[in-house]
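In the two complexes that follow, subunit A is the common piece, with subunit B as its partner first and subunit C second.
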Partner chain A sequence: MTEVSIERLTKVFGSSRAVDGISLRIADGEFISLLGPSGCGKTTTLKMIAGFEPVSDGAIRFDGSDVVNVPAEKRDIGMVFQNYALFPHMTVAQNLAFGLEMRKVAKPEMEERIARVLDMVQLGGYAERYPNQLSGGQQQRVALARALVIEPRILLLDEPLANLDAKLREEMRVFIRDLQRRVGITTVYVTHDQAEAMTMSDRVVVMFGGRIAQMGAPADIYEKPETLEVAEFVGQVNLIKGRVTSVDAGEAQISTVFGTVAVPDRGIARPNMTATLALRPEALDLAAAGEPGAAGRITARYYSGSLVDFRVALSSGEELHVQTFPNARYSEGDDVTVRAPLDAFWLIGAAQ
Partner chain B sequence: MSAKRGAGIARPWLLMVPAVALLLIFLVIPYINIVLMSFRTPGTGTPYGVGFTIDNYLRFFSDSFYLFQVFNTLWIGALTTALCLIIGFPVAWQLARGDMRFRGLAYGLVLSPLLVGIVIRSYGWTILLGNAGLINRTLQALGIIDSPLPLMYNALGITIALVHVFLPFMILPIMAAIQGVDPSLESAARSLGASRFTAFRRIILPLSMPGIQAGCILVFVLSLSAYVTPSLIGGLRVKTMAVTVVDALIDTFQWPWGSALALMLSVTGAVCVLIFARLTRMKWKVARS
Partner chain C sequence: MKRPVLTIYCLLVYAFLLAPILVVVGASFNAGNFLTFPPQGLSLRWYVTFFNNEVFMRAIRTSLWLAAVSTVISTIIGTMAAIYYVQHAGKRKELIRIAMLSPLLLPEVLTAISLLFFVYTIGIGTRTIIGLVVGHVLITLPFVFINVSASLESFDSSWDMAARSLGAGRWTRFRRIMLPLIKPGVIGGALFAFIISFDVFTISFMLKGIGMSTLPIQLFDYLRTNFTPEAAAVSTLSIVLTLGVVIVSEKVLGLRIHRF
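And now, the complex of A and B:
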């Protein structure tokens, strides 16, 4: 299939840079998510790949050949829109046939392919329905089928699940992911939902203000975010202060209320600096007061079924957010000890 | 939720009472009156005589002059409609999808004919189209023609003026329909391999059909019933049915005859509209679960 390579891609609207020099290589068959807050340039990037938005600067290559000047209809792309964009005056079968007619596929093959793809999205009996006779989830699958039936080089999806309810959204996540694996098509998926990006993608590209903040496997993004911005965007995060005691061979020893932790110094830590360390709420655990760890008192407790969220005020003055399984039988006002595994910390910043 | 909705609009037909009452009083009752009138005998000194007759209709169908006039009226209506559609569609497209900056100005220009009274507009056209009118004099002065072109007192002149008068009625519904078409449908078509033109032909055009249909029916019906413009520009030479009907009613005071003529115009017009609506019927609009 197709490898996509994007180099210093830029889009300028008037005086603002909606996409600001992003470079990215998407391997053949890879599932990539563009993740970022509203207005960070995800849709604009996707539109430039699709050919709906002229490129201000930079290059887009499919398998090495530059497509910047290739019109949208010649790029051989399957696109799924947030609002599905099904043709309301055509039946499901006609919607799927449209792209095949444009490719002058012969009638028997066309029917065969439409039937096969409709089966794949589990809409076998719906060929003669009009879009307004389908539920939101079914329309979503028709949109997916319409994009896939032309067997495009690349599949682009722009927040395709945003209009579905929570339950269906989770089902469709898995459905799209499995389908993509089976078909093996290079896929770019746009979302501002971090859970969606994490579950579905091989790699997540986090964007802020038209630039790539970080890209990598979902686990890397979540566990080793490079900036506080990224850390906060992909999940909840606790910040604690510590003092750098020594730096050696790329590793900094930092003394904290949890004891001395060793973290990669990332070239920013010097001895005697005040360091900011981050750690995820679910990495923390509670124990009875007096146990080894950081002493504190529970200020709030939120029960959510599978998990319980605690707010703990440490005696050092810092406020921590702790997430545990519901078998932790502590309540508001209890004195507790917060325990943290020493490898759960990472360095966010350091200053004199 | 459903209980609340049920209580809120328990008697939805109540909301229709004003409209139904208006229709009944100002349309249905007069119409019944006209139908009755068309079967009456002519009277002398009274609107109609004693008893009923079908003579009015026999007279209509036996005189090819009137049949021809109906045909002529329908023809002018159809031509006006077609020209309005051809001229109006690109304007509607620009208004719906064009550059934002010029939209206000264009909108004003489109509506401007409606802001000037119809009599004034039609007189304006007589000034332009007459034998000693602006167009002919300019062409003569430039030496392009020797004798004046016959622009007035014929079907062409009437059609030109009607197109001008009724253009907004074509543009506005089409514009609304195009605005209702999601622009991402066009992107979807393009991504599936359709050129701009194919996307327009296969997606935008059929989806703006309800507006085209509404605009065509409006302009056609308005053209058939137009009186001021055809009587000013057609003069005594070319008469449309509406003009003949008014002649019969007002000038010669033949109410039964005039009613029969008016009804024949209505019936043929309605048949044309029905055929048109049937031909342009949208299956996808009907198919709702």
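And now, the complex of A and C:
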């Protein structure tokens, strides 16, 4: 299997830097997601790894050997496209056979491998169908099978679920993740859907404007965002201000509308600084007015089945977004208290 | 009939377009000695005369040969040009399109005279058939180009990337992925080229060598001195031949294709 290492990888189109010096090491068998808004350079990065896009600067190594000058057809990569890119004039079996023919695999072995992979993606009976005779989800799985049957060194996927409906998308997330675990192949997955990146990846790489803003385990990215951009991109977030009263040993005491809270500090807090703190809506809870916490009034309530979203105007003027289970029986206009557990606060930086 | 006026209008247009053809076909079965309509009695005698007419036979062989050769050449050149135009031309796209379509935009007689001038300037004149073939390729090229570029516009570049990632080199990708997927355009273009070449008059007239003749030229020549139903028989046969090419290609080569 294969370890990928990317160093100061850069892609310049005319005067704009689509990818701006990113460095990244992907361990053998690891599942990495490139997550970021439209135009941040995810696809360009993936295409450079695949060899479809010439590199402007930097290095890409597979198991230590530089592949920058190796053409795409020699890189031994499995690629899955957003529109599947199945060959419409070939049956499922012929689509899968194509890569094996290029590798001059003998006929009996070829048939055996195709059958095995089709089984793996649960499309055993579909070998003789043409792509236009399959549903979107089935086409997606054929595309995955076609990429995997050649047993490539690396699997690359560019928004493979973007064309599926919400329910199928959730099923496929788990499906792809499980399959990747079983096969144990090094995988780079491009998406702008944060939930997708979170569920599937070992590590998430958040990109903005061609640069890596933060990378780490999904929980770290979500719970410990290093910048406001990352915090806002990976989920909904409330921002509140607070005054730093003291700092010591990686912990800052900050006085907020919720009282004084102790927040982990990564060297950015200074005494007397006005800081911005992040609070995830689902970490918050409502209680009756008068309880300890931040007092406020509900301005809106949105019911969405498994959760209820509240907008709460605090008496201090800030507006909070609170997400709770539907058993909370509060409605618009009620006076309430917003409660936050002590570990819900995360220091983003100095307030603007 | 939901729209009677439109329906009648369409029928009239078709009648206007098809009536002359029907008249010619009808007149070809004439038993009399002159090209008249309605025919005076039914007979195949003018077809027999035609098939026994060595001059016409030679002309039709020349026309078929010329159409076949120029179709092959312009299909290859036109397809390559279309691939460059759609996939690689970049900023030069508009320029290339105009250049490729110019034989259609210029009057045929102008192209013919320029070519005639050209072949004499470079010294080959009309002693060889080269000038004639070049003329036919030139006039048929735009039809291949238009058809192939139209089908290339719907060729998804991710098919090519997918094939590349699976390990296919340039030639394999062309042969196994692109060509089958643009086949309808290529065949359609080749058909057009064949029919146009079979039909071309002015270019052939200017560039043919002495003593050589294509079917349209021979027909024209014949009609200047004769006015028998044999001319109608020749015309009917060209119509049948043209239709035959279209139908056979569709059946044999298969324009059907699987798409999603």
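List of remarks:
We adopt the following convention: the second predicted complex is superposed on the first by the 350 of 352 C-alpha atoms of A that agree within 3 Å, B and C clash if a C-alpha of one lies under 4 Å from a C-alpha of the other, contacts with A are read in each partner's own complex, and residues count from 1 in each chain.
Throughout what follows, contacts are C-beta pairs under 8 Å (C-beta built on N, C-alpha and C of every residue); 3 or more make two chains touch, one makes a residue touch a chain.
Every value quoted in this text rests on a predicted model; they were computed, and no experiment measured them.
Overlay on subunit A: subunit B and subunit C clash in the combined arrangement. Once the two complexes are overlaid on the shared chain, A:Asn132 sits against subunit B and subunit C alike.
In the superposed pair of complexes, A:Gly78 makes contact with subunit B and with subunit C alike. In the superposition on chain A, A:Phe98 makes contact with both subunit B and subunit C.
Common to the subunit B and subunit C interfaces on subunit A are residues 50-52, 71-79, 81, 83, 85-89, 98-99, 102-103, 130, 132, 146-147, 150. Interface residues of subunit A facing subunit C in the complex, by the touch rule stated above, are 50-52, 71-79, 81, 83, 85-89, 98-99, 102-103, 130-132, 139, 146-147, 150, 156. Residue ranges of subunit B in contact with subunit A, taken from their complex: 182, 184-185, 187-195, 198, 202-203, 206-207, 282-284, 287-289. Residue ranges of subunit C in contact with subunit A, taken from their complex: 156, 158-159, 161-169, 172, 176-177, 180-181, 257-260.
By the touch criterion stated above, subunit A contacts subunit B in their complex at residues 50-52, 71-79, 81, 83, 85-90, 98-99, 102-103, 130, 132-133, 146-147, 150.
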